[in-house]
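Shared between the two complexes below is chain A, which has chain B as its partner in the first and chain C in the second.
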Partner chain A sequence: MLILIIKNILRRKIRTFLTVLGIGVAIFLLFSLLTFNQGYKNSLIKELDLLGVHMLAVPKGCPYEAASLIVHGGIIPKYLKEEDLKTIKNIPEVEIATPIFLAQLVEDDRISIIYGIDIESYKKVKKYWKVKGRFFENNENDKIVIGSDVAFQEKLTVGDEIYFRKFNKIYQVVGILEYTGGQDDGFYFLPLKEVQRIFNKESLITAIGIKVKNLEKIEEVIKKLEEIPDLQVVTMTQVLGTILNLIGQANSLIYTIIILALFISSLGVINTMLISVLERRREIGLLKVIGANNWDIVKLIFFETLILVILGALLGIILTIGGNKFIETFIKEIITHSPKKIEINFDWKIAATIFLYSLTIAILASIYPILKAINLRPMETIRSSDE
Partner chain B sequence: MFLFLLITEILFAGVCIWRDPDKDIKKIFPQATGYKSVVRRYNKKEKEIIEKLINKELDPDETEFTFYLIFMNKKRIGTVLTHTEKGQYGAIEVVIGLDSLNRVQKVLIQRDREIKSKELRSENFLNQFKGKSFKDTIEINKTIKPIKGAEKASKSIAFSVKKMLIIYEILKEEK
Partner chain C sequence: MNNEIILKTEKLNKIYLRGEERVWALKDIDLTIKKGEFVAILGPSGSGKTTLLNLLSGFDKPTSGKIIFLDKEISLMKEKELQKIRSKYVGFIFQNFLLFPHLTVYENITLPFYFNKRKDKKEKIYEIAEKLSLISRLKHRPSQLSGGEMQKVAIARALIIEPLILFADEPTGNLDSENAFNIFKIFETLSKEGYTVVVVTHNWELISKFNVRKINLKDGKIV
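On to the complex of A and B.
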């Protein structure tokens, strides 16, 4: 029977190819989006984790935008005061409160993200940081630490000097961060006081990174923080939830299109199988005459459909493995708040789901052609074919 | 769409990219009507020759080079080469325009962090490279007068021009 099925599939090569391609492309789209979503979520969690704090205190405004800008680097036009930092440090449940002054330096067409930090407290939240060379001291106003991407692009090594034209000041590179995989790789880190001075924002802070002693007390800490005027708190869980929600909304539309594509490709399979049954009326009739029962005909049609669908699913999975990088590039272009690197890994659970789905298509798509085939009257089909 | 993604995805392997072709083409080849880029990779032998001629090892990220072929209608009128070299205070990105005989037509500084940036970008300094070919000596204090107080940056620019002329000469033919 298998030979009969394969022979029939090969007899209509172009039709088989087009049907398989239709299923393959639809499955490629579905599989890509599912694996991408999984990778996106994992990378976002990793990136927020790399920030090393449980929450951020930011000036009142849109807290999620502020948090995202702090993670990715951007300008927040409002500021907190150094007194706010003192107040936060006095909350007993707060383990670390680290001030951040974030600024963009625009020189010609180049945008550099400058991070002013209090190195002592910042090192505590960035425990995973490894540096080639050393960190600066808070009072070393002419020393800089740079991310690994910056060092690569600027061809800088420890001991080199970097000149910021806008401030007419030379800084010595005392440290280069080892690759973190996060946004830190693209930042310039300077002592907080120095960044406040060069941007004429003495005593002002863009955000305060907060780590609590006990995670169970986080709500209590938030309540106390929200009593501080002109300050609001955003936890990393909230940032994650909001960004994923935004992405989820965009994805709903894509899912709808993909489901439509899958539906259309399923219709393609039904169509192919139906034509196949109609073209082989005589063959089916003869099979019945020589003793094939309905169950044999069901198997013949079903396995043929199954092979087509499985070939399509395999093609879709192969396309996904090969095309993930392109999907990543494309989706990163259209989605903001994107992690620096999205780790997309082949997920067997998703692959299994796709196969299960393919099996369902095969069953559904073969029902009508099977019914048509088993209802054929052998003698009539042979006679009509002879005519 | 995927072809577009494929093209954008082609790694330039860290080698200097051409940031503003439209603006630079107007400055170097005002008569140009378009350009196309070709990517060349070197083999082991070519690498050895290049490194011997520039007297320095190629950077690890320099696995391939992009040459921009400049056209006036269908006629090829020149080539643009780009390179990033370490300066005194960070990287210096150089754009080199070659005429149809592969001689330097114009050199531009795309990006730099130098204190004497204005002087290094001046025609007085950059015009010294005009007419040079890969056979010529391009060396600071010999054929190129450096900018006072920016000797290291001047040397980096001169080296970029020399290096790219050599690389282009060796890799220009399609294999």
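On to the complex of A and C.
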């Protein structure tokens, strides 16, 4: 019977192709979004983990800005003071408090993120950092460390010089960070004092990275930090929650579109099968006459539908695997808070979900055509075409 | 031909309702068909030929009366049982051949095997194709055949299950006189080989050229 089913499917090649394409695109959208969501979350957690701190003290304001600051190196037009850093360092449960001054430098339509850090404390939170060359000392105000992406794009090696026209100053590259997979790869690192000086923000800090001695005491630390005026604390869990919430809102819209696409593609399958049954009324009548029972007819139509849907699902999966890059670029464009690299991996659980979905579509889409077919009265159907 | 009765009807009646009016399609049909007989059911349009064929092949139920096939009353059988009997003992041939255009001649002939739980008996197919001069056409599609050849394929498809009885509904309606004659010649040969052949037709001229038992129907009665 398989030959009969396959030959029936191949009979109307263009119609079959269009139906399979419709299902394929719908599955592609569904599969991409599901795998993307999983990959996005994993990548975000990994990236936040790379920050090496438990929380961040930032000037009071919008939590989304804070999230942007952490993930992207975004800019908040408010600052903390050096006194705040001292206060935080005096909290006994705080293990490390490292000041950060973030700034954007726009030159020739190019935005460079300048990261001013206190190298001694910062190295403690970025224990995994490996550097080709060396780190600068806090008092070396003409030395710079750059991320691996910057080195690659600007073709810089240790010993080279970087000229920032805006400040009319040359910095010597003393170290290049080995690839981290995080945002650090795209930053320029300078001593904190130097960045504060060139941006005329002496004694001001954009954020303070905080690592506590004991994670169980984190709530206590937060309470103490919140007593500091004009300061808010953002924990990494909150950042994750905030960003995932943002993604969730975008996802709701995308899911709606996908559900519509799936619904329309399902209607396409029903339509194809129904037309196929109506066109083949005489043939189905004949099959009954030459020995096919209702169960044979059910199998014939169901497996035809199933093959169409499975072909569509396979096409969708191939499109997903091949189109990951496209989806990543597309989603990064509509969602601003994206990890540097979103790892989209093939997930068997999602594939199983897709398979179950396909099976459901096949069952639902074949019910009506099957009912139509098994209710055909063979002799009448055959003879109606004679007249 | 031997005397074994293969199909029998007793006081067979079929009444259709047209609105509130009762229309007698068949009235008191008593019929006996023996193994190996070549039978032609003749009659003008509306005489009840098709209704009789539907009843004899179990595709319709009589209003009253009995249809006995191989000593079993098929008029009382459920569709599932009827389907089993049809797939095992009955072959059908139709006016418009009803071949699957996307299948080859070989695949069209094998079609009943998909549903009859028998293996593709290649030898049987070649034997029948040889008998009907279709060997050279086995790989062709129906669109590449003449009308006469298409009807031969339909006959081969009906014969593949080695049925006891062949029902042919206006089998020459779409054929020219030469091909029609050839098809009837095949039926005659088959009946000589032991197949029971029941043909519904209104082609008196053609029938007169063969040794056929004629059953004439008029207004639902045998005349």
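Criterion: the second predicted complex is superposed on the first by the 381 of 387 C-alpha atoms of A that agree within 3 Å, B and C clash if a C-alpha of one lies under 4 Å from a C-alpha of the other, contacts with A are read in each partner's own complex, and residues count from 1 in each chain.
One rule holds for everything that comes next: a contact is a pair of C-beta atoms (placed from the backbone, for glycine too) under 8 Å apart; a residue touches a chain by one contact, two chains touch by 3 or more.
None of the values given here were measured: they were computed from a predicted structure.
In the superposition on chain A, A:K86 makes contact with neither chain B nor chain C. When the two structures are aligned on the shared chain, A:Q153 is found in touch with chain B, with no touch to chain C.
In the superposed model, A:K130 makes contact with neither chain B nor chain C. Within the superposed three-chain model, A:K169 lies out of touch with both chain B and chain C [touch as defined at top]. In the superposition on chain A, A:K213 contacts neither chain B nor chain C.
Of the two partners chain B and chain C, more residues of chain A are touched by C. The touching residues of chain B, counted against chain A in their complex, run 1-2, 5-6, 8-9, 14, 19-20, 61, 84-86, 88-91, 111, 113-115, 117.
The residues of chain A lying in touch with chain C in their complex are 1, 3-4, 7-8, 10-11, 282-283, 286-293, 296, 377-379, 382-383, 385-386. Residues of chain A touching chain B in their complex: 108-110, 152-156, 160-165, 170, 323, 325-326, 329-330. Every residue of chain C that touches chain A in the complex is listed here, in rising order: 50, 54, 57, 59-60, 80, 83, 86-87, 92, 94-96, 98, 100, 102-103, 107, 111-112, 114-116, 157-158, 161, 169-170, 173.
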